[in-house]
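The letters A, B, C and D name the chains in turn, as written, and every chain counts its residues from 1.
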Amino acid sequence: MNWDEIIAVIEAAVAPHRGEGHVADYIPALAAVDPMKFGFAVALGNGDTHCLGDADERFSIQSISKVFTLSMALRKVGDALWDRVGREPSGSAFNSIVQLEHEHGIPRNPLINAGAIVVTDHLVDQVGSGPMITELLRRLRVLSGDDTIDVDQVVAASESRAGARNRAMAHFMQSFGNLRNPVEDTLAAYFSHCAIAMTCRQLARAALFLAFDGRDPISGEQMVTSQACRRINAVMISCGHYDNSGDFTYRIGLPGKSGVGGGVLVVAPRYGAVAVWSPGLNKAGTSMVGGIALESLVKITGWSVFV
Amino acid sequence: MNWDEIIAVIEAAVAPHRGEGHVADYIPALAAVDPMKFGFAVALGNGDTHCLGDADERFSIQSISKVFTLSMALRKVGDALWDRVGREPSGSAFNSIVQLEHEHGIPRNPLINAGAIVVTDHLVDQVGSGPMITELLRRLRVLSGDDTIDVDQVVAASESRAGARNRAMAHFMQSFGNLRNPVEDTLAAYFSHCAIAMTCRQLARAALFLAFDGRDPISGEQMVTSQACRRINAVMISCGHYDNSGDFTYRIGLPGKSGVGGGVLVVAPRYGAVAVWSPGLNKAGTSMVGGIALESLVKITGWSVFV
Amino acid sequence: MNWDEIIAVIEAAVAPHRGEGHVADYIPALAAVDPMKFGFAVALGNGDTHCLGDADERFSIQSISKVFTLSMALRKVGDALWDRVGREPSGSAFNSIVQLEHEHGIPRNPLINAGAIVVTDHLVDQVGSGPMITELLRRLRVLSGDDTIDVDQVVAASESRAGARNRAMAHFMQSFGNLRNPVEDTLAAYFSHCAIAMTCRQLARAALFLAFDGRDPISGEQMVTSQACRRINAVMISCGHYDNSGDFTYRIGLPGKSGVGGGVLVVAPRYGAVAVWSPGLNKAGTSMVGGIALESLVKITGWSVFV
Amino acid sequence: MNWDEIIAVIEAAVAPHRGEGHVADYIPALAAVDPMKFGFAVALGNGDTHCLGDADERFSIQSISKVFTLSMALRKVGDALWDRVGREPSGSAFNSIVQLEHEHGIPRNPLINAGAIVVTDHLVDQVGSGPMITELLRRLRVLSGDDTIDVDQVVAASESRAGARNRAMAHFMQSFGNLRNPVEDTLAAYFSHCAIAMTCRQLARAALFLAFDGRDPISGEQMVTSQACRRINAVMISCGHYDNSGDFTYRIGLPGKSGVGGGVLVVAPRYGAVAVWSPGLNKAGTSMVGGIALESLVKITGWSVFV
């Protein structure tokens, strides 16, 4: 099957499900997104990108940004990161605070909210809040070839206003000495990177290095070490979807990361990167229609890390 | 590097660590095992097997048997299995009962004790307790070419005597209606398959089909469907090492399953299967020296599902 | 107001609520009880007993028996009891197993199921299973002046058949070394004393010593030491109603113990003991109409330990 | 025994234990207190007060203030308070956040930190932050006859600086909609009332109304209704000492409330109120030597709500 045919099959597979799931409504900017939106993009190692639907419309990448901040942290901090955050699946919701109490303020992994806040705190500590966001944007712009990629300040401000739960977790970790910067400084950076807006095409393209052992196959640049790349994928496959991570790995068989904006990023080692976007979420916060599209894709292509 | 060289490097890597970890001591038969034992075997798709140390000495495979009972259950029961057991990492110890209460007697996954008991209960229900063990042994004997593979009845009896915790979990699940057979019937089968004794060479050989999309590359027989094979690997990579699963995936990057007897089984898709045995365990019940051997192996070979 | 008037007020107070609540249905013998049943008895220090409704009909005292086994254990074992069971409210349901895991098999208090099983195990250990029940019955018969008080063997057998959850807890505690006798021996005694059948009149009379510092005011016999009596009342006021204990103390202001058969025993120090029975339960397993009757009683009489 | 003799016995009982326990060290002002300090005062219904040791030295009453804010809230808000906070013992530490997650931001009771913050939030809402503290101080000054009773601003400021855990809980409850005022406003009032400094003599005198059904026996003023008084005592006996409440009730048999400054307030209905102060704490945050003094007192006097 060629890519046009593959795309057509995926389109047909998702068609009867468009609009399914529950759109995140804790902030107006997300609640207002049309639930019928659906975008899909596959970036391949040869530079080709195959798209479908609203693949060129920007959406709020939200927690998908945690993959890029983790990458940056492994570059800047290395293994010292793991003194302050684990790499085990939490078995709990994205914003659960229970384990933090039992485990003395050390979050289970960098892809749940508490863990991502620690990663951000580490980066704010290393390079400062502003420069951290600047560097993150610079990399995303270069990788995806669009200089206008930016933080959606309206979303960031909304996130902060609705940020009581994240604020609680940050203060909680601070009470255990696991936050180095003032809570509001770290959270400002956290809310900013979660509010970055990108298209599926850009996101797939930007993550391509994760499918090629850390090296961007287009530019040839080694973005992270081979070891770091494998580890990022390992954390994604174990922890990328909160308390739905095991099910995602069971169904899709590839490392991925979901965002509450309805985006899902998936890495297919040796083949490419996939980004899908559809706002309706399942209970664990992963895009419903996005999941269906990915199931269709792996069924046709046979992509799986287990083959 | 050829395999003789690889084996030599692994031997050198583990040498200074021999004897590390804590040997399981809840039953005499396990407590009596010499902590200096170390066996290692890689079975490749071309039929070659490369071994090291005590690779031809039998040990109690314990929870590694759960991979084979899961395979059998997916053959016999199919997706109906998932009505009674989840496929999410538990984030808890192998014998934790807490989640069972919160989640109404449905274990998180088939590789923790409670989940494996449900899988066994399903098989006892389908084929009966005796025939289930007979069939499991038959398959293991055929795959590894040794007709004498058997349950160590002394170990099985010890497990039963020391089985209060598993008994508690079985009665607990029964109270939620998630056990169909009398507790002692299901547990007898469970204790039996955990007490199977095999060598590293046999274990690696028997699991080879998991590295080749469900098809044993030597006999050509399709042991489980391609889809089932991927799913078994997915459950292993998410849940194979209890509350240490994320760390194992991070360090080794391959699906695996540990046993409290000190064995670890690892699957390297497209390449082969690996079995390692050394009795000293880390806190999560995974062989300490086994982990070091596997880290060494993946470093040299570059094996990883993420590449 | 004289007692005839008090009884009339209580009768009027409960009338519109008769039949409310959910009758326990986990065993047929309890499920079959008429939800309209209502009995009430106050035994006073001067020997008078004032009754209402079905006060002379026997019902299954269930967990109210835990007060009498605790009394017996404090006589036989003294403070050594507290090595194996705590005296803190659990904040959890009567049959929760979660805290047992976190707290190494030591139940929170003697009035939740796990704790009462430990108390029974202690008594089985001291005097044997049969003699323990014999002695318990002897005391209840003497105190209430009815030689026919006995275990309802049909209920006891039903409890055992439906006893998976209690069996799970017993095996679980055994796995921590906190059960000395075979699980089925201890549980047989436990199911027996929970299946004792008594009337409200008998129950109030039998508990009178708890209102008079351990001394039965009719016979003059010191049943437990003054210190033990205060402590039993303390455990009742803290833990007598599972995760509803605080609310009961807030509303009624007296030490009490509920049973899933719909009975509630209440102690009014210096005044007397009260037994009420009505099968419909609230979420925490305390009789709904029983609670209304007790609220009415304490409002009229002003009885409260806090005055 | 007359009161001079009783006081002498208590003095002798605590002498060998002076200095035991662990002085709170999370803020400098508390850490600096001499661990040998010991004050004791009994205020009786006839107006007599019997004192011992440092009974006229001010200390930080900390969580004992929660009894007075609860009293104020029941006067101002009545039963509506219970929509936002429960009255069950938590079975957890004073600052645990786990139950808040499981129970949707509703704290278990008004005497743990989270519950007291909600009570304070309620009062800030009703009367404003400043007036609330003013009214609380006015009452304490009138009751104890000392116009100089005040908030220790140094302690209040320290509490705020070290307040990450309380801040986490406040934001967490806000995320569930169970905080009406800005977090920092409510916490400012909370930290203020916890930082009130009083002597044992004053504290015992100020709480005397709780021993006489809500009516101050000296002035004759009804401070809270009879019903409210019983309820406050009920909450104290169930929840006054966090996860040590059951043990306190078992040992002392009277409603009480501990503070991390080493103070303990106890109510003996019909007799009087007792305040004891000694900085060394047990694991649950209750004064070690204070507990010994109270055990001695109730042994000599026979005071108990259960007699």
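As a working rule, a contact is a pair of C-beta atoms (placed from the backbone, for glycine too) under 8 Å apart; a residue touches a chain by one contact, two chains touch by 3 or more.
Keep in mind the model is a prediction, meaning the values are calculated, not measured.
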Review point. What is the Cα-based rotation angle between copies chain A and chain D, on a 0 to 180° scale and rounded to a multiple of 5?
Key: 180
Point to revise | Gap in Å, rounded to a whole number, between the CA centres of chain C and chain B | key: 47
Revision key, fill the gap. Per the C-alpha centroid definition, the whole-Å distance linking chain A and chain C comes out as 55
Point to revise | Two or more partner chains touched - positions in chain B | key: none
Check your understanding: Draw the chains as dots and join the ones that touch; what shape do you get: line, ring, star, complete or other?
Key -> ring
Revision key, fill the gap. Within the complex, chain D is touched by chain C residues 86-92, 99, 108-109, 213, 226, 229-231, 233-235, 237-239, 243-247, 249-250, 253, 255, 267, 269-270, 304-307
Exercise for review: Please name which positions on chain A make contact with chain D in the complex.
Suggested key: 96-98, 100-102, 164-165, 167-172, 174-175
